[in-house]
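Structure provided below as structure tokens; questions to follow.
In this document, chain identifiers A, B and C correspond to the written order of the chains, with residue numbering beginning at 1 in each.
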Amino acid sequence: MIEVKSLTKVFRKPIRGRGVLGMLKTLFSRKYKEIRAVDDVSFDIGEGEIVGYIGSNGAGKSTTIKMMCGILTPTSGKVLVNGREPYVKRKVVAKEIGVVFGQKTQLWWDIPLIESFKVLKEIYQVSEEDYKSRMEFLSSVLGIDEFLTQPVRTLSLGQRMRADLAASMLHNPKILFLDEPTIGMDVLVKEKIRQAIHALNAKYHTTVVLTTHDMVDIENLCSRIIMIEKGKIIYDGPLGDIKHRFGNIKTLTLTIPANINPQEVKPYSEEVDLITEKDKVMLRFDADKVKLEDVVQYAFSNYQAIDMKISDISIEDVVKKILAQQEEEKHAKEI
Amino acid sequence: MLKKYKPFLRASAMDLMAYKFNILIWVIVTIFEVVCLIFLWLAVYSSSEGGMDASINGFTYKEMIAYVVLTTVFGFVTFNNDTMWHINQDIIKGTIGNYVIKPISYRGKFVASNLGSFLMMGLLFGLPLYGISLGVLIGIGFLPIVSVWDFIAHIGLFLVSSVLACLLNDTIAYLFGILCFYTSSAWGLNSLKTTVISFLSGALLPLAFFSPIFRDIVGYMPFAGMSQNPILILMMKYDYWQSLKVILISLAWLIILELFVKLLFSHAIKKVTVQGG
Amino acid sequence: MHYVKLYFTCIKRSIISRLEYKKDTIISILSFLFSNACSLCSIYFILQAIPSLKGYSIAEVGFFYGFSMLPIALDHLFSDEFWLVAYRRVQLGDMDMHFLRPVPVIFQMFAETFQPDGFGEVIVGVTMMIVCGINLEATITFGAVFVLIIGAIFGAVIITSFKIIFSSLAFIFKRSGPLLQIIYNFTSYAKYPISIYPKFIRIILIFVLPFGLFVSLPINTLLYGSYNPYLLSLWIAGVAIIFFALSVFIWTRCEKRYESTGS
């Protein structure tokens, strides 16, 4: 369905000189700094897959997505969507894909939602019957009929995302690109969006590529993940592998009083990593191996914590761990 | 191996060329525009009853050409602010609410940055451009110099009124920027601002051409100080008393507008914080 | 056919959007009236000081002015979105939605805004042509009227082409608004009879920045029968089509440079 072959995108940002002299210089000669946002990336995605394309901020996720849907033209390498290059055959490919950006709506800001749909129906040449049946299905899954007559600018973030999802599905695309579809939403709304994505995938067998920051999104939605860091792919494989490698890692963050020196407290066991900051102590452990309640109890009795927070592993942590592991493997090979 | 980098090299070379091309078009088109304007005025003077020697509304054709050239340079050096655009962006993104909390004044930020860019434009482009255009105008006798000291004094007065013009322009841009709180987009307001300023400041046509009552009214508005008055001071069409008078008028307007803008801003920002941006 | 239907659907949408902002509409009408009043006053103030402008009477210059508003108005009606492209949309990376649709981006730009303000200019222009035209001593021939209509329509195409060319430069420079503005300003030199300028300016205004072509030459044909109206029509239409094709070519080359992210 999607083939990506040594895809590379280089952005050039002008270097601005400092002060008056710098301004004068840039006026006559302008120098550029090259940023390789995506660097020699290759992968294939099959029909009906739900793939999580993940990485930390600025890793090159959005840039890749934008090349896959034809907004950006790659510097070198290529993307084939259903056998065609989207940035060359933009008009043909556009009919086969649906795109949702979490931070930029593609609906017209000032007009009632239903009017946007009517224009989109015309743009994608959707027949009257198809339009009706799809709207019916989309309303039932996404619940958009509650705000169909409101202008988009008055919608909440969650409503807007549902509206955007519906708009992107109106022409029944074979592939759906979702860039941070749950960003900035609360847990309940996130859950609703996830269910909707599942329903769409099940009903139309739509291939879904999504980028996200949220580990829960990935666990609930994706069967496969592709991980990117600094423009390069560092992992591509089933979600199960990652879970297996990093297990059910949790971090317990404690705020401790100034009179406690964390170095003096005896570590709980070897299976709990201890990280200390100024007035914070972080205990990282695998909840499948060590019982959460034991760690909490231990921490409270030893550190006299003022405040505490339990968090799941973040994408950034996973990225760091994978990079560290790869470094180790490389090292091992060299020896 | 090197082949891999060829597309990048070519692209960056093209960018550099494109950037220079941009500046080049700008310069050529601006010069061409001034030339067109000069010939338009020559056509007007040669069609007048007195022929080329006529003085129309107190301007000979030589003075009119000097006026056109200096007004173009003046506009280029003095009016470079993006104040309205920035305010509009802050309103759209909702970041304007942050300035209520921040210790720096929102107004002060713009004044500082615009005075900074005015100074820089003045040094980088103003000095050579004024130098060349004054040199040529004096050289071909379009701008007669009777006494050098007198001329230098007028240059001093011109600098003062230039700074005032820059500040007035910034204040009015700020005023229109705040009006964006009350309308939803800046588009209409911006074009209104541009036409009001270019017409009433005498940048299109010296106010002396306006009908008498209209001219007197406009003369006491803040706009004349934004383009016409500094130019006429530089051209020594105003004596010391007149120069001082127009400078004081500008100063008075600056104070009045500054106070007004302050009141308006506090009213507008309340609107935003109540609505939650 | 699909595009015609789509265009009207989009235009309807644009008008609905426009009605959402009543204050803006009032301001833009005010600004329009004010700017036209200003430029009319400027011309009037200049002309009242002289008996005629190089042989052209006040009525004739007024007729030039009125007619020159027609191509400007037509351009204004259909291609206002390009100003936004040049000034901000590319810079803010706010055009992604258009790149995702199975329709050429440039078509979407035309379909994005329909600017009814242009009708105001049509009304002012036609009124001035009638008021000043009554005082003209010209025999109205079919050919002259024909060339005027061609001049207005294809003049608009020429103005629009320049707008497209200079707004597509925004894809390279991020912001090309000021450059577009100074080029567009030359439409105001088209308001005067071209013969008041010396030869080299005339050549530039006819061949390079052809804003003198579609106003002056048709009116001179009406007033003095200076040119064969049909050949002139053919020429104007030909130039317009060449510039338009060139502008579309430049746009489609430049749009590949779109970077999407704001700066």
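Please note the rule applied: a residue touches a chain if its C-beta (ideal position, glycine included) is under 8 Å from a C-beta of that chain, and two chains touch if they have at least 3 such contacts.
The shown structure was predicted, so the numbers you read here are calculated from the model rather than taken from an experiment.
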{"item": "Chain pair with the most C-beta contacts", "value": "B-C"}
{"item": "Centroid-based (C-alpha) most distant chain relative to subunit C", "value": "A"}
{"item": "For subunit B paired with subunit C, centre-to-centre distance based on mean C-alpha positions, whole Å", "value": "26"}
{"item": "Rounded Å distance, subunit A centre to subunit B centre (Cα mean)", "value": "47"}
{"item": "Euclidean distance of C-alpha centroids - subunit A vs subunit C, Å", "value": "45"}
{"item": "Shared-contact residues (touching 2 or more other chains) in subunit B", "value": "15, 19"}
{"item": "Multi-partner residues of subunit C (each touching 2 or more other chains)", "value": "20-21"}
{"item": "In the complex with subunit B, residue positions of subunit C that touch it", "value": "20-21, 23-25, 27-28, 30-31, 34-35, 38-39, 41-42, 45-46, 49-55, 169, 172-173, 176, 178-179, 182-183, 185-186, 189, 192, 196-198, 201, 204"}
{"item": "Footprint of subunit C on subunit B - complex, ascending", "value": "15, 18-19, 22, 25-26, 29-30, 32-33, 35-36, 39-40, 43-44, 46-49, 56-57, 182-185, 187-189, 191-192, 195-196, 198-199, 204-205, 209-211"}
{"item": "Complex interface listing, subunit C residues touching subunit A", "value": "2, 5-6, 9-10, 13, 16-17, 20-21, 94, 96-97, 99-104, 256-260"}
{"item": "Subunit C contact footprint on subunit A (complex, rising order)", "value": "11, 66, 69-73, 87, 90-92, 94-95, 97, 99, 101, 104-106, 108-112, 115-116, 118-119, 122-125, 151"}
